[in-house]
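First, the structure itself, so that you have it in front of you.
Note that the chains are named A, B, C, D, E and F in the order they appear, and that numbering of residues resets to 1 at the start of each chain.
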Amino acid sequence: MVTIIPEIIRESITNLVKNGERSDGRSFYEYRDISLETGVIEKSEGSARVKIGKTQIVIGTKPQIGEPFPDTPNVGVLMTNSELLPMAAPDFEPGPPDERSVELSRVTDRCIREAGVVDLEKLVISEGEKVWMIFLDLHVLDYDGNLMDAAVLGSVAALMNTKIPETRIENGEIIVDHEKMISLPIKEKALMTTFAKIGGELIIDPSLEEEQIMDARISIGIREDGSICAMQKGGANPLTKDEVIKAISKSQEITKELRKHLPEN
Amino acid sequence: MVTIIPEIIRESITNLVKNGERSDGRSFYEYRDISLETGVIEKSEGSARVKIGKTQIVIGTKPQIGEPFPDTPNVGVLMTNSELLPMAAPDFEPGPPDERSVELSRVTDRCIREAGVVDLEKLVISEGEKVWMIFLDLHVLDYDGNLMDAAVLGSVAALMNTKIPETRIENGEIIVDHEKMISLPIKEKALMTTFAKIGGELIIDPSLEEEQIMDARISIGIREDGSICAMQKGGANPLTKDEVIKAISKSQEITKELRKHLPEN
Amino acid sequence: MVTIIPEIIRESITNLVKNGERSDGRSFYEYRDISLETGVIEKSEGSARVKIGKTQIVIGTKPQIGEPFPDTPNVGVLMTNSELLPMAAPDFEPGPPDERSVELSRVTDRCIREAGVVDLEKLVISEGEKVWMIFLDLHVLDYDGNLMDAAVLGSVAALMNTKIPETRIENGEIIVDHEKMISLPIKEKALMTTFAKIGGELIIDPSLEEEQIMDARISIGIREDGSICAMQKGGANPLTKDEVIKAISKSQEITKELRKHLPEN
Amino acid sequence: MITIITNKEFSTGIETSERADGRAFDELRPIKIEAGVLNRADGSAYLELGGNKILAAVYGPRELHIRRLMQPNRAVLRCRYNMAPFSVDDRKRPGPDRRSVEISKITSEALSPAVFLEKFPRSTIDVFIEVLEAEGGTRCAGITAASVALADAGVPMRDIVVSCAAGKANGQVVLDLSEIEDKEGEADMPIAIMPRTGEITLLQSDGHLTSEEFEKALDLAMNGCKKISEEQKKAILGRYG
Amino acid sequence: MITIITNKEFSTGIETSERADGRAFDELRPIKIEAGVLNRADGSAYLELGGNKILAAVYGPRELHIRRLMQPNRAVLRCRYNMAPFSVDDRKRPGPDRRSVEISKITSEALSPAVFLEKFPRSTIDVFIEVLEAEGGTRCAGITAASVALADAGVPMRDIVVSCAAGKANGQVVLDLSEIEDKEGEADMPIAIMPRTGEITLLQSDGHLTSEEFEKALDLAMNGCKKISEEQKKAILGRYG
Amino acid sequence: MITIITNKEFSTGIETSERADGRAFDELRPIKIEAGVLNRADGSAYLELGGNKILAAVYGPRELHIRRLMQPNRAVLRCRYNMAPFSVDDRKRPGPDRRSVEISKITSEALSPAVFLEKFPRSTIDVFIEVLEAEGGTRCAGITAASVALADAGVPMRDIVVSCAAGKANGQVVLDLSEIEDKEGEADMPIAIMPRTGEITLLQSDGHLTSEEFEKALDLAMNGCKKISEEQKKAILGRYG
């Protein structure tokens, strides 16, 4: 469904930004309130509920024993899936994932995979035959803008929260020992920061209102050492090279603060 | 497609019922003419054609050897599926089963499964490895109301009519002997009676016309010993506790008569 | 989408044909320019690009090792699939194959299979267990009429162009030797000719314009010895027996000429 | 390992020149047609041909809700050919497959020439064919039954389309192939005609036929159609007569 | 071969006449309801019942875009019951299955009698139920939560529908079956009522009950509904009070 | 067991600091672009870049039939990126997958800024990209080809968008990664720009880059875009010149 934004709202938000302000009183590089709880779903081996402002996602993991992909016999599998539930916004419709949902899960997946958040090599049970497959499911419950940052933050937290049974091989048989639950091997806590371009300025963590009128969007995934693990531009207008470089530099700073929301490990 | 029933028809049927009458002259607890033939499809291992009034369903079974569900390794599998064919009514559309079709097959399945019509434990060929899977397919050809009672009656008849080859294990090999065809192990003949609530009264076996204007519907599955194996309320209006209790009591009587339509076993 | 052809165009094309002429100056039994290249896709084990007039199809093969069908354990498998790409015509829509696409792939498949173009018995690696499955994919890029003749011509060329690795069995193990690539066993070069009936006359290789106004269509697959391997009538009007017999006789002549476009083998 | 002991013995007739089921080369399987067998449909017919059991139903002419299919100057005749899951030896999964999509298309083309579609612009006539049991030749049986259902629905028609196959089995050109002849034979050629004019509204061929064999098969099939046509007429008269 | 060492010990209660989780036969699991938990939805509610965690949201009355579903004289109440992939022990594949299609249908029928649908012709009221965690009895929990979400959305209603199951487990008629009782028990009977009149808007039964057991179960379930109804009212008051 | 003897020897370049195919770090693969290669489409282009073979076609501006996609004040630019089943080593199943859905979306966003969409309210411009053969970098090649097809269709544009990737392979920041460099390398960063202003309309990154490496890669990619832009212009001139 096409949401038509009245021109007057577009102008009002844009003029605020041009004057260095935002409609909810935040500064350009300030996140809305963030809340992050883990272990919220007992039947899920790892879970998190993340809220950024009024945006809310519940994320759960499900480990399964399966076969590795033929071309990567010595690594486990991470499968990321997201559902933009019809309860989350009036224009989200039931049915198979649309392009927004696919983009959200693929960008989240790339950020986590390329940063090496989970040490997938340690998820091998028997090389080429059996590995752990971790299903990471994002359930978007309430949509008030900036799903990407919430998705990555919550996903990293849910993965950190995940416990799988220890496995060993005895006499050619795989023993899955539910009495010894171990944490997933986490080796990196990469996070993502999203910028909206409005009125020629970059602001972070766009609210729904800001997203609806922004010219462009850029999401940047940053590892703990400040290097870049993922980027994704969106929106129907261009960015300049300088804007991109500035966004990267800012996100290196901001993800350091954002990382404090993650639980101690 | 929404079928709009003129108010005058609604009133006329309702007034009849209030006067103790029905538009086709039946009494409240009287079925329309029932016809039931078995063995109507030679390629089907068991089949039945059931007509209640002008409602007509052909039901066929297909046994296959397959694997049991992991959580029930010591029972065979019964799979019930129904198609409300587009030939059966002007508003039935081709495509995957809609909610009416899903309800019909699930209620039929529950009634038969929970009553223990087929002794599924006897369908195990090799525990945890190979069992008989019985596919029960309901092909609804003509829809003139009260599909549920017809579906259960015809399904029980088709299952009673079903022959599967004898199996045995010799030297770790499964022998499927088509020269020795045996009947399915039937241990119960549960049937279902459906009541429509119209004008504050309960009537059984609603015709299409009655279904279209009824306030509510209740279908009750009754075992040979009179106990209840399944119930399903439908329709957009409520029932009282007394109505439900009365319906159960009536259906205990009526299924005894209905059971006479089943072939001798 | 329904394409409405103005009556004046229908009349003009029909009158031309009644006068023994066609709008592009061809005679009744003359193909448009035909071009056929093979080996056009390096990653495809066999490929061809065929153009008849402005109609253009790229065809590629992919061999895979798989299991034979249970009822034909001693023959390989040929799977033909076609996509009428939305780029090929303004009324082709993305999505699963529609009935036109299904008809195209099934007629092509029958023509090739029934003529015995590929010696499927020679594609068995281990009887009942492993055979070569040849996927033949037709990618329709530009649609200017007469897809069937182009599809069969290009498919035969792509199959002739296909190389698969030699296989052998050593110590119960299948060896797939990519160092020894061999041609598919081709034993017949059947081709198809399509006639349109317009104004009571039969003309071959109808252009899009002619297809849109034709009364009926008949496609005939002819083997090298002149025998018939496939026929398919189409269109909303009938043909007479004499017309069919004439079409067969003509196609026996014409496929001889058409066959010269195939590469030497 | 699963070993299957079977008691099904098919005589494929390969040993002798005779047909497996003892029919003459130009002999149809037993046929039975009944019109008006369903209540809700505007028209319907039931047909048995050998082991085939076919039900056809017609709705329409009625309003067409899908705008992009609508024809401004005539009705659309839509067909859906469908096999019941229990109609064949191995259960058929419900829903359309490629074979049924193609048969639906050519069935629509086989029936359309006989119907006065131009009388009903912007409408649809929907034909539903259900194969309750299949034993070779279901597409022809479906067309034959559908044509009776169209007549039963009172759809105005030029003629009652009739369909029948001929083919080659065991080296011989024969009429109306059974399932086993279709499977093991050399060629199968289903046709449909408008019997008044003999015009052909369906023609497919699958297999290996010389021109001479084709002509022989075509003549056989047309004769077969004429015999079946008589049964269609009886069924329609039986309904209204 | 994969061997699984498990540390999950379910007391199925079969040894004694007591319930596995120690509840009395007429005791509900701990319950918690909160209204107004989402921002975008017109109304919402969160419910915990034992290990069940359920979110319900309502949009509407709003314009219905699908013409063939439109009712000229009233609103349509559409439901979508959905389980999160992580809500159960083995991951549930996203998307509707036959179970959720049926539950969606009976949920719609359970709620509709309480809503003044006739006030909103040609409209839709959309109810979305998400099972975040499932521990037996999710359909009842979903209906109970959805009813609070409808009230939170300000949809005019005759009554607040409330739902609860009773059944038979371990030979005993009990209220509000847990997951293990549902799985290993003899019968499960979910109901929904309009508490003001006691009228029944949902009734299903699955299992084996005598008439006497049925009546006992029905009384238990109706009493359970009344207790839950109090929690619903508190949640709604908590939102507006 | 199946043993596969392979004769494919990939030099992954890991031994030396050179690229596997001998290119300099800032060297594009051989490129060829042709405009106007299809008959039915309003505009089209064919592009080869190394082993990539890409066809792009444009229809529109034309009427948009799907009301809920319609924009009252501008055209919608819809893209469909699709890989032929035979375009890759292991046959790709026909139909969209998640990767192609995402690429279609970002391709649409990469092209839209250059098109005067506001001139065609309530319309659609449809861009179809077919990957006939894939050898690394198909999304960039698709955007580059689609832009030429838009020009060929006469769609009014501010600029001809051009796309190219840079990345890091074998420890070195390089231009235009080949399939093997993409697969075995450390990072891949596809971009698209409007060459007149240098503004960025597509930017993705996947892998591991420091800020310095990122800037170096961005400069490389922008230079690569400028070289490819010359080839686009030649193709368009070749069509009309």
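Note that in this section a contact is a pair of C-beta atoms (placed from the backbone, for glycine too) under 8 Å apart; a residue touches a chain by one contact, two chains touch by 3 or more.
Remember, it's a predicted structure, so these values are computed and weren't measured experimentally.
Any chain touching subunit B that also touches subunit E would appear here, but none does. Most remote from subunit E, judged by the distance between CA-atom centroids, is C. In this assembly, F is the chain whose CA centroid lies farthest from the centroid of subunit B. Averaging C-alpha coordinates per chain places the centre of subunit C 31 Å away from that of subunit F. We define each chain's centre as the mean of its Cα atoms; on that basis subunit D and subunit E are separated by 50 Å.
In terms of their C-alpha centroids, the spacing between subunit C and subunit E amounts to 57 Å. Multi-chain contact residues of subunit A, defined as those touching 2 or more other chains: none present.
Residue positions 68 of subunit F each touch two or more of the other chains.
In terms of inter-chain touching, the protein chains here make up one closed cycle, each touching precisely two others. The chains touch one another in a closed ring; read from subunit B in the direction of subunit D, their sequence is B, D, C, F, A, E.
Partner subunit A is touched in their complex by these residues of subunit E: 1-8, 38-41, 44, 51, 53, 55, 57, 59, 62, 80, 82, 84-91, 94-96, 126, 128, 130, 132-135. Those residues of subunit A whose C-beta lies close enough to touch subunit F in the complex are 1-2, 4, 97, 99-100, 102-103, 105-106, 110, 114-115, 218, 223, 226-241, 244-245, 248-249, 252. Interface of subunit E with subunit B (complex): residues 68-72, 98-99, 101-102, 104-106, 109, 112-113, 187, 189, 193-194, 197-211, 214-215, 218, 222.
By the touch criterion stated above, subunit C contacts subunit F in their complex at residues 41-44, 47, 54, 56, 58, 60-62, 64-65, 81, 83, 85-90, 94, 96, 130, 135, 137, 139, 141-144, 165, 172-179.
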